[in-house]
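Order of writing sets the labels: A, B, C and D. Residues in every chain begin at 1.
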Amino acid sequence: MIRVEFLGPIAREPMEVEVRDLAELSRILFEEETIRPWLQKCAVAVNDVMVKDPKLPLKAGDRVSILPPVCGG
Amino acid sequence: MIRVEFLGPIAREPMEVEVRDLAELSRILFEEETIRPWLQKCAVAVNDVMVKDPKLPLKAGDRVSILPPVCGG
Amino acid sequence: MMELYNGPLDVKEIFGRWLDEEAESNYGAYIPFVGTIRAEGGIEALSFDIYVPVLRSWFDAWQARAKERGAIVKMAHAVGDVPVHSSSYIAAVFSPRRRVALELIEDFVEDFKANAPIWKYDVIDGRRIYAEDRSTPMEGAGLLADGQKSE
Amino acid sequence: MMELYNGPLDVKEIFGRWLDEEAESNYGAYIPFVGTIRAEGGIEALSFDIYVPVLRSWFDAWQARAKERGAIVKMAHAVGDVPVHSSSYIAAVFSPRRRVALELIEDFVEDFKANAPIWKYDVIDGRRIYAEDRSTPMEGAGLLADGQKSE
């Protein structure tokens, strides 16, 4: 299983999904109406490392974090 | 009389001179061997206002300050 | 060094301690940036969420970048509510030379603003409202939308 | 506000007092630049002469320039000897917004370096040696040499 966490203002509990890569996760998240509007604006970390490759393979136990637009300071 | 003060590292006591403008003062200062090497590098204030015009007329009681290269901080 | 605090920062304590920590390090320039909550838009406070593991990586990468130029960076940030006129954020650079310090503090603060994983909320009548209009997508945002399009 | 001190600056006192002075002014950014004497070239201290009337005009012009952008500047500088690892100089900007503060602190510190009427000396074995190689002619320098040439 892959654990998906939504950070900051995204009002969604963590979810557990069976996917092989980020592209597959993307399709699942697009199905959720509360999540879909965020996706274009969100960055992604896998196991706390920021990722750039939308095809990145995932393996059991991976933790995916969804990071919405930021404003520190 | 015009009073001329040498600031910072220029080792010269203030002097009193009779001159009508900065150009005339310049000629007097060029005669002094200890002052001459400084002149190209020095800025000038008259009555504590920085001046840009080398022909600036001077009047009795004016105070001219000679400001060598700076390094604050 | 990266420091996180619940609620507003004790600015004088942090500034002075950082000064003392580097008192013998022979840095010629110390530039802190102190961010304070402005009274505007009827807010009583701002509130912050932080994702610490990614913030730590971001900060460590900056420390390495500063080190290449002979400098160091420090930062402190608040978690949770920070009332108007108190401080949520201090970033600082220590460097042997003025030019490097001036360049780094600007880049450090701007990159922080754009890429540190921190979320800001206005607090109005005790309610927390995401500061969406002032927030910026992080570098690489849209990855999951791209994934969708590539099908 | 411009402050001159005999000998090294009490950095924490100055930083904290400036912070308190503007605590209710609703500035969002406070950036001090703290300049500290580095141990190098076998010096025991640096020493400073200041021509106060021209420094005051320079500072007042900067205060007006900052005000146009909704900001203020403050500075403190030492007169006389400042031992290695103590501070001779603090410049600061307070501004509603981060961008203006970052731009002003850089311009303020650089213009200070180039045009504030302050002379620096290395102190080695108790002797004061003009730091000629690190000094810069002020804007408009050479006026009296020009006068000569124009004859």
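Please note the rule applied: contacts are C-beta pairs under 8 Å (C-beta built on N, C-alpha and C of every residue); 3 or more make two chains touch, one makes a residue touch a chain.
Model, not experiment: these values are computed from the prediction.
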Task = Note the connected groups of chains, using the touch definition above, after excluding chain C.
result = A | B, D
Task = Indicate the lowest number of steps between chain B and chain D, counting one step per move to a touching chain.
result = 1
Ask   = Among the chains, which one keeps its Cα centre farthest from the Cα centre of chain D?
value = A
Key: Centre-to-centre distance between chain B and chain A (centres being mean Cα positions), rounded to whole Å   = 71
Ask   = Per the centroid of Cα atoms for each chain, what is the distance between chain B and chain C, given in Å?
value = 50
Note = Whole-Å distance, C-alpha centre of chain A to that of chain C, is 24
Inquiry  = Can you pull out the residues of chain C that are in contact with at least two other chains?
reply    = 35, 98, 109, 113
Touching two or more other chains - residue numbers and ranges from chain A = 73
Note = Chain pairs that touch, by label, are A-C, B-D, C-D
Query = Which part of chain C faces chain A closely enough to touch in the complex?
reply = 35, 48-51, 53-54, 57, 77, 88-89, 109, 112-121, 130-132, 134-148, 150-151
Request  = Please name which positions on chain D make contact with chain C in the complex.
outcome  = 11-12, 15-16, 19, 23-24, 26-40, 85, 96, 98, 101-102, 105-106, 109-110, 113
Ask   = Which residues of chain A touch chain C in their complex?
value = 7-9, 22-23, 25-27, 29-30, 39-45, 48-52, 54-55, 65-73
